[in-house]
Amino acid sequence: MSEHIVPRKTYYIVWALLMALMIITAALSRVPLGEWNTVIALAIATVKALLVLLFFMHLKYENYRITWVAVIGGFFWLFLLLGLTMTDYLTRGPSGLAGH
Amino acid sequence: MGESLPLWPARASSMAAQTDALVLFLVAVTGFFTLVIFILIFSFAMKYRKEKHPVAADILGSNVLEVTWSIIPFGIFMMMFVWGAIVYMQEVRPPANAMEIFVVGKQWMWKFQHQEGQREINQLHVPLGRDVMLTMISQDVIHDVFIPAFRVKRDVLPGRYTTLWFRAIKPGRYHLFCSQYCGTMHSGMIGEVVVMEPAAYQAWLAGGNAEGSLASTGQKLFQQLGCATCHRFDTQGRGPNLVGVYGKPVLLDDGRTVTADDNYIRESVLTPGAKVVAGFKPIMPSFNGTVNEEQLLSLVAYVKSISQPEQRQPASNRPAVPAPAPATPKGR
Amino acid sequence: MSSTVTTAAVERTNYLNVDYSLKSWLLTTDHKRIAILYMLSITAMFFIGGAAATLIRLELLTPAGDLMSSDTYNKMFSIHGIVMVFFFLIPSIPATLGNFLVPMMIGAKDLAFPKINLASWYMYITGAGLMLYVIATGGVDTGWTFYPPFSSTYSNTHVIAAIIAIFIAGFSSIFTGFNFIVTIHRMRAPGMTWNRLPLFIWGHYATSVIMVLGTPVVAIALSLIALERAFHLGIFDPRMGGDPVLFQHLFWFYSHPAVYIMILPSMAVVSEVVSTFSRKRVFGYYAVALASVMIAVIGFLVWAHHMFVAGISPYAALVFSLLSYFVAVPSAIKVFNWTATMFKGSITLSTPMLYSMGFIGLFTMGGMTGLFVASLGVDVHVHDTYFIIAHFHYIMVGGAVMGYLSGIHFWWPKMTGRMYPEVWGKIAAGTIFLGFNLTFFPQFVLGYLGMPRRYHAYPEEFQVLNVMSTAGASILAVGYVLPLIYLMWSLRYGKVAEDNPYRATGLEWRTPSPPPTENFAETPIVTWDAYDYSSLPEEVPVAR
Amino acid sequence: MHDSAHVVEQPGLRHHFADMEQQRASATLGMWVFLVTEIMFFGGLFLAYLVYRSAHFGAFAIGSEHMDFWLGTINTVILLCSSLLVALSVHAVQVGKTKLCAVLLLIAALCGVGFLGVKGVEYYGHYQEGAVPGPYWHLDLPQGTDVQNVQMFFYIYFVMTGLHAIHVTIGIGLLAVIAWFAWKGRYSPAYHNPVHVSGLYWHFVDVVWIFLYPLLYLISAKKA
């Protein structure tokens, strides 16, 4: 089994989507939505990252499951690092970080 | 102290017996299982020597056994966890009416400040049978207060107050160690906790060279630094009125709510812009570099004292506290 | 018989005699030669770390700090920790036995990336060289933990250089890890399915996962410390609003799983050795294999148990204490399964087996005391005392080093073509076991009495136990020098080894000792399960 | 060395692999596993960002206002375009247009250089504005601002973008070398895995930026 040849058209479409999402995220950041600004910005960034991973990096056409396991595992471990550390910071009380 | 070969530390606090009971439980359980493993390995090694047992049995494994020796240890572990957690929760939650002593650690000495004003270095006098809470901060690196006879320990951080509490139950002198590596003289950063009968403690307090209570020191500082200019005891000040604030929730200008605890007071003096009270402008200057840790602690003690109900006031000059604001605010 | 065998064995071309030039060693991409290079380098580092330990124990003979100054003492334990952890224990089994055996056990000609493997050794050597430079020019006094703000602001020793050394060595470890992962996934011989993999491979797979996921985090944490020193960044500096405890989170995110980098390969060795010398399949193969992976995964969820008194929230402490107990379960499963493997076996108490039994005993004790320190109420008292020192030495020396020695003896005939001397091997195993317990058991008592770690001087009442510990350490030191001597002796005078002296089942035993450069004359095809002793050719009585 | 001594008909096959597919799959998996390492490497910084931003949102928003929105956006465009070029270069070599592949890779590498140039202009701007914490700090902030934590934002900003810039630099070197080999005709539809694997690295650098861009440049200062 050899590599999948992704048609050029797919790359162009993905690129166009990426540019569009970038413009959306840049524009939305100027609209004050409170907490939602962060949520939307990160959601769009995740979608963009997924597009790059799936198409540019050929994850969608990957023959081996282990590559998926590696990618998902990598992000899951990042989540563990962030999440478990935040169990400390989010429960320390209001001034848990107070400095000089 | 003094024995040549002690095998068990003195039990001098209310926490000690609880910790020891948990440890003995752990010793019994783990000792039993360790012994079982050792005996099994030893007896298998003897009984099934090649000379005596030339052909090995063909055994692949047993799922029943695997599940059994996963679940039973897990159950035992959960008992250990719950017991340990119960002890820990007592250790980290100081009783509400504990008497507070401030601790400042620096390379390589301990400074203790009693509310009544006494200060001591590398020696801590505490009364017997009374809940004592240490509020601790470091001037430089991370230190750690460790009193083995009390079975208590807590890191002393720079930049943030941590607390530790105990109730001494046996008079005597006990080791106090710094147990977080802090540089050259780490092993010299040791002290002594002197547990005294309450009467003797009162006598010791009275015999000291204190210059008034910590709260009154803080009050003087509060005046000197010009804090009282804005933090007036009415609603007209440019800064929030601090009477009754301690321990209460405070609404901030970004919508968050914080509890006005020691750390919040400290942060507000040093980085006032970080958590501004709702309805006030961020105009307060930072006192970073102006006040040291000991002065900060006295300010905390003062703010705390003006929030306490009358009957629990120390014998300080409470009525003098709401000093009249100067007619023309001093600029800083 | 012996003379003909000798001649035949010597005449065969193998990875050692194929080329004797220095260049052929320094530019080799043969995983077996790289393993030998690693073995020589980590042995040197082990004795440097051991020398520091000796000085520490000598200083602690007396309560007063009289042998050396406080600063020197602080540098000694820092050097001991840094050298032993980053330059000996982390690479110990994976980079030597793992490098040598992972490709052979799965029937491959080499690791997937031989040049990266060589690069990893050069990175290790660069890091180790830099560390030696640090030691020679004044040392570092932060402890191996590099806690800020002491390391970032207050220490005036070679912190940055030491961090760079560790950073480089860390990347050598990452290279080893991802080489193993790819090799185990992609290079298995036909028929070598996942459920036929030797447990040695499972152990190294789990180890590699930790190396790949954990090492970069400590690399960035230490880099930030170096940046704070060099450019006065404030990310961990409380004077600039930073939180020193954040460093501890990042540090232990790697450094707790790093303990499993040290112990999992030892467990992997023990699984091989116990099965071989019991002539019996490993009891519960799947359970042991799964336990390795579970340890690697759950091992990442427990790091803050190093920080129970460091100022984390009580809630986080509860979470991490609970998770710490989870990781004890797979460790317990392994111990039970090894014991059950010996049940109704046909046991030979040879040197590797003695070391492995020592491993099980000491690891059990280390693991059991781990239950003490995972328990919040007890940890508050014993944290940062000699109880902790004793506990992790039981795991990392009693466990990891015993496993390493077990493996070195077990595969010595394969690596060198010579047998180790059995009698001396047994004497050394006994000496180490005895010396180890005498050194570290008193430290449990010392710790519970309250003697803090990293203390240059201590109160007088702790002296008797410290003297016992130092006495044990001198026995232990003799125990470690013995194998060094008799193993070197055996290179020349040892009995010539057969291809499969223990009649073990792994693929590495089905190729000559020492193996040829390509490992196997032709790629093996695996049709049997791991530890299936019936898969061996009929036992031909060999005249001895 | 033993490279391809005995297998003549498969150029690029290393001696210890059984066939091209095993070699290709190994190299690809190797790069993915390495990228996982990179995720965790940046992960430590993302954690620092998360911890301080969650505690000092206001200060981070003020710091973010001193980012140059347009330069950041231009850099995002540059990186997204370079990623497209790298993806197209893989396509080019797959269909046998190796010279085109080389040119595309070279342009992508030049995009990377452009990215670093813009980044340099930004850094110089921060220096001029006084937004570099330390002795050169003289950022003009309104009275009462939480200066300390604005500085914290800049510490994290400089470390994160600095580390990213190092990765871009490595990527530029990688793409340039691969472009050179492609130009020399080393790759073909049958053997071009180095192009693909280097591309993976470049795309990863892009993915990191995709997250850095909103986190550093687009924090809304206007609270609801």
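Labels for the chains are A, B, C and D, by order of writing; each one numbers its residues from 1.
Everything below uses one rule, namely that a residue touches a chain if its C-beta (ideal position, glycine included) is under 8 Å from a C-beta of that chain, and two chains touch if they have at least 3 such contacts.
This one's a predicted model, so the numbers in the text were calculated from it and none came from an experiment.
K.L.:
State which chain is most central when centres are taken as means of Cα atoms.
P.N.:
The most central chain, going by mean C-alpha position, is C.
K.L.:
Averaging over Cα atoms per chain, report the distance between chain B and chain C in Å.
P.N.:
37
K.L.:
Would you kindly tell me how far, in whole Å, the mean C-alpha position of chain B lies from that of chain A?
P.N.:
The answer is 41 Å.
K.L.:
Would you kindly tell me how far, in whole Å, the mean C-alpha position of chain D lies from that of chain A?
P.N.:
14
K.L.:
For chain B and chain D, what's the span in angstrom between their mean Cα positions?
P.N.:
Result: the chain centres lie 45 Å from each other.
K.L.:
Mind pulling the chain B residues that touch 2 or more other chains?
P.N.:
158-160, 271, 274, 288
K.L.:
Give me the residues of chain D that touch two or more other chains.
P.N.:
Those would be 25, 29, 33, 36, 40, 43-44, 47, 51-52, 56, 148-149, 223.
K.L.:
Which residues belonging to chain A are in contact with no fewer than two other chains?
P.N.:
Chain A, residues with two or more chain partners: 66, 73-74, 77, 81, 85, 89, 93, 96-97, 99-100.
K.L.:
Are the chains arranged, by touching, as a line, ring, star, complete graph, or other?
P.N.:
complete
K.L.:
Across the complex, what residues on chain D touch chain C?
P.N.:
Contacts found on chain D: 1-2, 14-18, 22, 25-26, 29-30, 33-34, 36-38, 40-45, 47-48, 51-52, 56, 133-134, 148-149, 151-152, 155-156, 159, 163.
K.L.:
Quick one: in the complex, what on chain A touches chain C?
P.N.:
Residues in contact with chain C: 66, 73-74, 77, 80-81, 84-85, 87-89, 91-93, 96-97, 99-100.
K.L.:
Going by the contact rule set out above, which residues of chain C touch chain B in the complex?
P.N.:
Residues of chain C touching chain B: 65, 70-71, 74, 141, 143, 145, 147, 149-150, 153-155, 238-239, 241, 243-245, 278-281, 283-287, 308-311, 314, 317-318, 321-322, 325, 328-329, 332-333, 335-337, 339-340, 342-349, 357, 360-361, 364-365, 368-369, 371-372, 374-381, 383-385, 445, 448-450, 452-459, 461, 463-465, 533.
K.L.:
Which residues of chain A touch chain B in the complex?
P.N.:
93-100
K.L.:
Tell me, which parts of chain D touch chain A in their complex?
P.N.:
Touching chain A from chain D are residues 21, 24-25, 28-29, 32-33, 35-36, 39-40, 43-44, 46-47, 50-52, 54-56, 69, 73, 76-77, 80-81, 83-84, 86-88, 90-91, 94-95, 148, 196, 199-200, 203-204, 206-207, 210-211, 213-215, 217-220, 222-224.
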